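The structure that follows is given in the form of structure tokens.
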Amino acid sequence: MKIMQVEKTLVSTNRVAELGHRPLLVVREKVGGGRQVAIDAIGCIPGDWVLCVGSSAAREAAGSKDFPSDLTIVGIIDHWQVEEKA
Amino acid sequence: MKIMQVEKTLVSTNRVAELGHRPLLVVREKVGGGRQVAIDAIGCIPGDWVLCVGSSAAREAAGSKDFPSDLTIVGIIDHWQVEEKA
Amino acid sequence: MKIMQVEKTLVSTNRVAELGHRPLLVVREKVGGGRQVAIDAIGCIPGDWVLCVGSSAAREAAGSKDFPSDLTIVGIIDHWQVEEKA
Amino acid sequence: MKIMQVEKTLVSTNRVAELGHRPLLVVREKVGGGRQVAIDAIGCIPGDWVLCVGSSAAREAAGSKDFPSDLTIVGIIDHWQVEEKA
Amino acid sequence: MKIMQVEKTLVSTNRVAELGHRPLLVVREKVGGGRQVAIDAIGCIPGDWVLCVGSSAAREAAGSKDFPSDLTIVGIIDHWQVEEKA
């Protein structure tokens, strides 16, 4: 799993039906690192350091084997020091 | 999921039957970044910033568990600032 | 899917039975890029620019869910400009 | 599989139910390399050099096909020389 | 599939039961490249240039859908020139 920080919500009105209305969050691996988009399975807010699961496990973690996710937030990290950039 | 921009359509006449006649789009992660090819499950045009799902989720997102895709466009991003290069 | 160019055939006499006698092709993402090996599901010749699918989709694209491939050529690109290095 | 070293335990109180109470360990590929988080299927302590499996195999290795892991520790390496940084 | 060279055997006494007693080999993509660990499904010796399959195909190639491998050696390359570093 990757340690990432939540940046903001992503708005995508035109999306495949399988995504439903699940929130899409822009996350990044470290300050200045590349952005990706994750499905939120927990309820996070911008600034949270979170645990993201990828690969085929991201589908089930998002709620069902059919959910089209390759990156899902599965936990909020209690304490993460910024100087410990992942 | 990755944030990518649609560049153009890719023409591949000689292809495996499982791909059908689905449009193939050349996408790239950022200006100057490497190109990949994605299956369009939404209906995009060149210039659109889109959400691409990879891994095993790309198959189902393209329409069925048997579809041979490892990168499928599942949403169009409403607003994406170029300066926010993914 | 990745845009790659076919370089040559790879000879591997001692291989697992599941690979059968399917041709193995050395492919590379761009001139000077790293080499990988793909299963040919189309019928390519050296120099062709091809579309390669990875992840779990590579198995089915190679002919069956049990085929041990993680990179399968699923289409030949009609026209690809060398200056558009993928 | 990747050769990684265990750094410490990660605390995540707010997590998806599927993760249960399984320990989460921060691991890194080499001194100074990026950190990831793995599920411990063996019983490791900080400092151990371990074998981590990713991809879809990480789920089953963590105990069941439904476990949301993309990185699971499946073995402790008996002897690993630091100068052989993985 | 990746072209890798076998370096040596890896000893891991404390491992998950699903790995059985299958040999674990340290492999690397090129001289000086990073090391990974692969399951040997062929019978290789140090120095051999081999074909390694990853992703979900690595499980079946290692003998069964339940085998926890994400990198399995599926063929020995007959001739590989060192100057053709993969």
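Letters A, B, C, D and E mark the chains in the order given here, with residues in each chain numbered from 1 onward.
We take it that a residue touches a chain if its C-beta (ideal position, glycine included) is under 8 Å from a C-beta of that chain, and two chains touch if they have at least 3 such contacts.
Everything quoted here is computed from the prediction, not taken from an experiment.
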- Just how many steps, at minimum, does a route from subunit B to subunit D need if it may pass only between touching chains? 2
- Inter-centroid spacing, subunit C versus subunit A (mean Cα positions, whole Å): 32
- So how far apart, in whole Å, are subunit D and subunit E when each is placed at the average of its C-alpha atoms? 20
- Message: Multi-chain contacts only, two chains or more: what residues does subunit C have there?
- Response: 54-56, 58
- Determine the shape of the graph in which chains are vertices and touching pairs are edges (line, ring, star, complete, other). ring
- Task: Under the touch definition up top, go round the ring from subunit A by way of subunit D and list the chains.
- Result: A, D, E, C, B
- Note on the structure: In the complex, the residues of subunit B that touch subunit C are 10-16, 18-19, 24, 26, 34-38, 54-56, 58-59, 66-71
- Which part of subunit C faces subunit B closely enough to touch in the complex? 1-3, 29, 41-42, 51, 53-58, 60-61, 72, 74-79, 84, 86
